[in-house]
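This is the structure I want to talk about, given as structure tokens.
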Amino acid sequence: MNDLIEKANTLMEALPYIQKFSGKTIVIKYGGHAMVDETLKKSLMLDLILMKYVGINPVVVHGGGPRINAMLERLDIKSQFINGLRVTDQETMDVVEMILMGKINKEIVSMINQHGGKAVGLSGKDGKMLMAQQRDPQLGFVGDIKEINPDIIHQLANEGYIPVISPIGAGSNGESFNINADSVAGELAAALKASKLIMLTDVKGIMADSKDEKSLISILEINQAESLIRDGSINKGMIPKVEACINALHHGVKRTHILDGRIPHAILLEIFTNKGIGTMVMP
Amino acid sequence: MNDLIEKANTLMEALPYIQKFSGKTIVIKYGGHAMVDETLKKSLMLDLILMKYVGINPVVVHGGGPRINAMLERLDIKSQFINGLRVTDQETMDVVEMILMGKINKEIVSMINQHGGKAVGLSGKDGKMLMAQQRDPQLGFVGDIKEINPDIIHQLANEGYIPVISPIGAGSNGESFNINADSVAGELAAALKASKLIMLTDVKGIMADSKDEKSLISILEINQAESLIRDGSINKGMIPKVEACINALHHGVKRTHILDGRIPHAILLEIFTNKGIGTMVMP
Amino acid sequence: MNDLIEKANTLMEALPYIQKFSGKTIVIKYGGHAMVDETLKKSLMLDLILMKYVGINPVVVHGGGPRINAMLERLDIKSQFINGLRVTDQETMDVVEMILMGKINKEIVSMINQHGGKAVGLSGKDGKMLMAQQRDPQLGFVGDIKEINPDIIHQLANEGYIPVISPIGAGSNGESFNINADSVAGELAAALKASKLIMLTDVKGIMADSKDEKSLISILEINQAESLIRDGSINKGMIPKVEACINALHHGVKRTHILDGRIPHAILLEIFTNKGIGTMVMP
Amino acid sequence: MNDLIEKANTLMEALPYIQKFSGKTIVIKYGGHAMVDETLKKSLMLDLILMKYVGINPVVVHGGGPRINAMLERLDIKSQFINGLRVTDQETMDVVEMILMGKINKEIVSMINQHGGKAVGLSGKDGKMLMAQQRDPQLGFVGDIKEINPDIIHQLANEGYIPVISPIGAGSNGESFNINADSVAGELAAALKASKLIMLTDVKGIMADSKDEKSLISILEINQAESLIRDGSINKGMIPKVEACINALHHGVKRTHILDGRIPHAILLEIFTNKGIGTMVMP
Amino acid sequence: MNDLIEKANTLMEALPYIQKFSGKTIVIKYGGHAMVDETLKKSLMLDLILMKYVGINPVVVHGGGPRINAMLERLDIKSQFINGLRVTDQETMDVVEMILMGKINKEIVSMINQHGGKAVGLSGKDGKMLMAQQRDPQLGFVGDIKEINPDIIHQLANEGYIPVISPIGAGSNGESFNINADSVAGELAAALKASKLIMLTDVKGIMADSKDEKSLISILEINQAESLIRDGSINKGMIPKVEACINALHHGVKRTHILDGRIPHAILLEIFTNKGIGTMVMP
Amino acid sequence: MNDLIEKANTLMEALPYIQKFSGKTIVIKYGGHAMVDETLKKSLMLDLILMKYVGINPVVVHGGGPRINAMLERLDIKSQFINGLRVTDQETMDVVEMILMGKINKEIVSMINQHGGKAVGLSGKDGKMLMAQQRDPQLGFVGDIKEINPDIIHQLANEGYIPVISPIGAGSNGESFNINADSVAGELAAALKASKLIMLTDVKGIMADSKDEKSLISILEINQAESLIRDGSINKGMIPKVEACINALHHGVKRTHILDGRIPHAILLEIFTNKGIGTMVMP
């Protein structure tokens, strides 16, 4: 009986959040450990499906890191890195695109479909969604977003699909560009006028002392986040994530979150319960 | 952390039921203790609102028992009963209609609205929804349903409202008839092609021995139910409820339930968890 | 043959008015003798149905006076009046609501349905249509309109129904407030952007000398009406009616009318013939 | 005051007919004296506009008789007649088409527009509405209907226009055929699933003794009509009219009428009053 | 094989023009030799049908010149001309309207229908499309456009029809006015927000020296055109055509063309190939 | 001038085919030389865009042959073949999917977009479009189509996109299956109720003597095709193509074609000109 009361309370706790986000779009950057661990993968798929059923439109942007490296190694292609950015020659770009669209994207689509959802996977080339430009000739096919055309995402979402997006853009000659997945998630959130942007990571969130999980910062305002970047407390791979959040906030997204993707159903808990987890970056 | 896992599990447990009932209609007969106790009243309103938000169309049919009696007493109107059915003269009918539509219906509407839903209250006269005929001249304005026109319910449900219905029918001369609320719920479930009919009661469900709560029967097939009526195990006020269930099942409703309305969120638990409560009557 | 010519002329006389009001909303405050006399009741119902069929959207707001008093008396509830306004304690409010929604509203709905129309009765609580606030703690549940949400009226009108409205509002805690029916009619006319507001009364209209029917004023401009109120020529129950007209005119309603509801088909004649009857209050 | 009662009664008398024909199509064959007399012309236009405003879809088929003859005479073109049918050579056909479409059709359109309606004039060639075949090589361009495509009429009626149709059909090589206007009206009524077909004539209706107006037959069943044709009581120009009625009735039109077009507002009176005028031919 | 390459190239050459004009409106003034020669007539009909099929909305405005004169002669009606404008008395106007609507318009409609398109012919009276006013009492029924109501054209175009329009306008009393077809084409192009206005003529285009076809001017800007009118290089019947082009350009039409209607498929070639023919007048 | 006549003739020749296929679906199997040669690639993209603009819905199914082999070689993965079918182990399947979806599909999408069309690339996993089952455990991940869900194709086509499909199916556990692209094209043509199925090949068509191009068979009926397979005249890679055609014809596709993809604009010429090229297989 206590068990039943608990269950009822949990469902009731979710109600105001369902009311709040019904009909809204939430962009999720999917990456890290949650892309590797089977339990976490499944828990994310179910979170997406539940969101869709209660009237929320989730849009997934995924990365690809380790598997791209594995294939490059396998093919004996050496990458150079400049300022932490992979120099992406044509051969590397081919591998990036094949792994992202040919493997990872379709695996996510397939898992959502298998658990009762309906997903469609897209690259930024489909429907001219992500138009890109070269960042720096030295870096090869590393691109930045030049223009977003979100029509195809709205159309698929309206037909009941969950769009799953690989961070590849099309150049003006139709060539492929590798774009940072965090940036794509942030820019799409802005273009889709999303209510939330959620970045899945492999840490608890943003910490005052990145070695001490107890120093987790629950809420961070833009200017605080900017000063933490300047003083180096936010560093390495966390920088593009926080910058994407700040960018999205500047373009009207209401709330952005750095979540610990190692917790099963982290997104579900963030969205549907009173218990905030991870760090919320807000205006 | 265990707490979070529990919450996530409960939400996940709900997912397949949300998938199953999305876009479906569920008719709820609201009566008994759940109409008196403030906590239970509020819990029902929230259940209805949650259902609406996850894409289910709840339709509420309410009764009125004790408050009608109180007003009749207050007005010093004596009622006769024939075979457990109130003889309803014009004066009594006026009181019935005033209490049902003028008080109870609007209180339910108001509570739903206050907690974040949008309700509209209707009597069977509105939009010619329930056309009635006299059951027996001896009984006065006691009516049976002759014809149901569910258009207005579909229209309101499509516009996002929760319809709340008083069991009053219109005779061919526009006069009012008092119809048994259980029957109205059963017939409406049939006319609306509902997926479920739920009868809220003040007992645990149907019991093999009505004095022993441990003898609760979880699942009952139509023919079993009929033989329990014949042998008297199902008796008194439970008879019209079970008959309404059987009627609804014969007209294509998939599942019908006799639930214990004294449990907070009984409907929520029945619909969204694995834990069946009360008695399910099925084909 | 002359008879036929007369008939044809009358129908032709109606044509320009049908053209003018097609697709427009007309709010009718229904009260007084026309709610008691059977012939007048029926004539009003037919007028509403004819309006609906020629493309006009009639919206009815009704009062309840004498029957509320009768029930209060019957229940031996004594009312106080302060400045002509009933002090409405909880017990009185219950009676008001029961009579308005439980009896009068449904009788009007039923009569319209019986004569070939389709009506739906609403209180201001339904669909959160009339949000009210207390006028004065001394007066108890006497309310003023705080906010109008006319969605439900537009939706029902578009589906072919004639909305019939009881002047009861919902307070912020879901409690009921008794609102003056003339004010409700006036405010609804404004919120619905009605073309006309028609107040049915038991007098010929506004008269220069209220004891001399021959002193009927056919057309009255706002400022004239205001000075007639100041000098006492317009007094008693006529004041809220004229004030509701003035309020409606200030919010964009084109024409308002004080009609003699004792004339059968008074509304029909006002709308569809050259012969203006009663008093028109105009900007 | 009596005058007002009369007016109200007339409007009320119209109500059940408005209810009955709302959304229905009525085909009117317009010809004879009503096309010449200015008062009758205007009265017909107003009748059509009133019908349109109360939700009826009138469709007008017109003839052209005397003005065609006048122009043939003016051009000194001699016509032969075989069995009462004009032999229509190319030169004659040109005159027929010019007068029908170039003069009469556009005059009707213009009059409707001027009095507040919206009309569009069509020949059977427009939108491939009337496909015709030659009746008899001897008769030249005299055609019979081979196929009706009523799409364009439905489309215009739905957009609020009153279609006005000249009885000219297109042959398989695009050539024009002169079709009897009565037949076109009958066949269109059938193809449009009209509720009524009304033939305007210059007599009181069908009379048992065509010289005695008092012998008017108010109601005629198909078999009676057929025997009156056989015994010659129905003769000359009345034959195609009655045959068109019978044809329409066989294809599902409910009621057909032979009306006296010399009475102003004959159609209005027939449709909206209890007073049947002329002869009704029914199944 | 070369033949196939040629065909493929031609189809490919058309592609960018199909892309450019898809969904756009093109107004064509149809007149001169192209209305007489059978081959040219057929080629124009096919051009219109092809345009419609590739998503362009062609609207045809036709003139009537020689056939009107022939009929006037036949009827022995003498016309006066003032400044090149026919004085149009009532008798003449009747002939004009009969020939335009009764003959020419319907022939065009019929030819389009025969070759696989769907056309509907309209005069400016239909749907109150062209409201006209008298130019000069001396000229009789010569009119200028006072107001254009293009609804009926949009509605027919959306339903898949090709509208074919006679240049006749309705005066405020419903009387007919003869309007210059070039002007009608220009004003309609403006009112329909057309992308192109094409005037078919019997010359190569605008020539610097009207006697030397080699002096054809391919592109002409508005101010150049105006100075050519002033210095008399553009004269006679070319003046209203060029003025209609200038008028259309001033109201937002992008390109206007004076084409040689004696070339089969002149319109097709102008729209779908790189080879401009005739004279383009542009802003 | 002759040049202009030729152009006009070619456009006119296309008209009846545009009329015939407007709104229809045409499935194109894209493979062979046309996927390698830059000129041919571009010519196909333009053909698809032209088709889309004239109202046809092209759906592209592509293969991948040589590039898959190149990558397998590069990765030093040896393939076994059983009866001409590649044995597809997990590692091979990964390569197949990466090349098809990650490279070829997106290159086609990108080229269509660059030339003015709007394409979206899909694998059979997207939207659960192609559900597959294992053909034979010995062959590993070689699959056959078990069920087709064409919703996503219809939705994209209606929104103006050209769907480009990789022949990969989803097994019941979400695993990927390699399906023969010819079969996918044939089954999709059937499921989409396509009007035409076009198979691009590297030969002139079906030849009586496969070494003699002059023995090209222009038209082949199903039973003839079947006997040519039996007697070995149709052999090797042509067999699945012809079988896919026969299968499609059995399911209601009207016409199927084996075209020489080495001819630029082969599809355009087949669809829009009188000149049939290649072999048509018909019922």
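As written, the chains take the letters A, B, C, D, E and F, and residue 1 is the first residue of each chain.
The rule is simple: contacts are C-beta pairs under 8 Å (C-beta built on N, C-alpha and C of every residue); 3 or more make two chains touch, one makes a residue touch a chain.
Remember, it's a predicted structure, so these values are computed and weren't measured experimentally.
Participant: Between the options C-D, D-E or B-C, which interface matches E-F on more than half of its contact pairs by residue number?
Facilitator: Answer for the repeat of E-F: C-D.
Participant: What is the distance, in whole Å, between the centres of chain B and chain E, each centre taken as the mean of its C-alpha atoms?
Facilitator: 70
Participant: So what's the Cα centroid distance for chain A and chain B, whole Å?
Facilitator: Chain A and chain B have C-alpha centres separated by 45 Å.
Participant: Between chain B and chain F, what is the gap in Å from one C-alpha centre to the other?
Facilitator: The answer is 58 Å.
Participant: Would you pick out the residues of chain C that each touch at least 2 other chains?
Facilitator: As it turns out, chain C has no residue touching two or more other chains.
Participant: Think of each chain as a node with edges to the chains it touches; is that a line, ring, star, complete or other?
Facilitator: ring
Participant: So that chain C leads and chain D is second, what is the order of every chain round the ring?
Facilitator: Moving from chain C on to chain D and continuing, the chains are C, D, E, F, A, B.
Participant: In the complex, go through chain F and note every residue touching chain E.
Facilitator: 3-8, 10-16, 18-19, 22, 43, 46, 49-50, 53-55, 116, 263-265, 268-269, 272-273, 275, 277
Participant: What residues on chain A touch chain F, complex-wise?
Facilitator: 74-75, 94, 97-103, 105-107, 109-111, 113-114, 118-123, 125-128, 151-152, 155-156, 159, 161, 168, 170, 173-176
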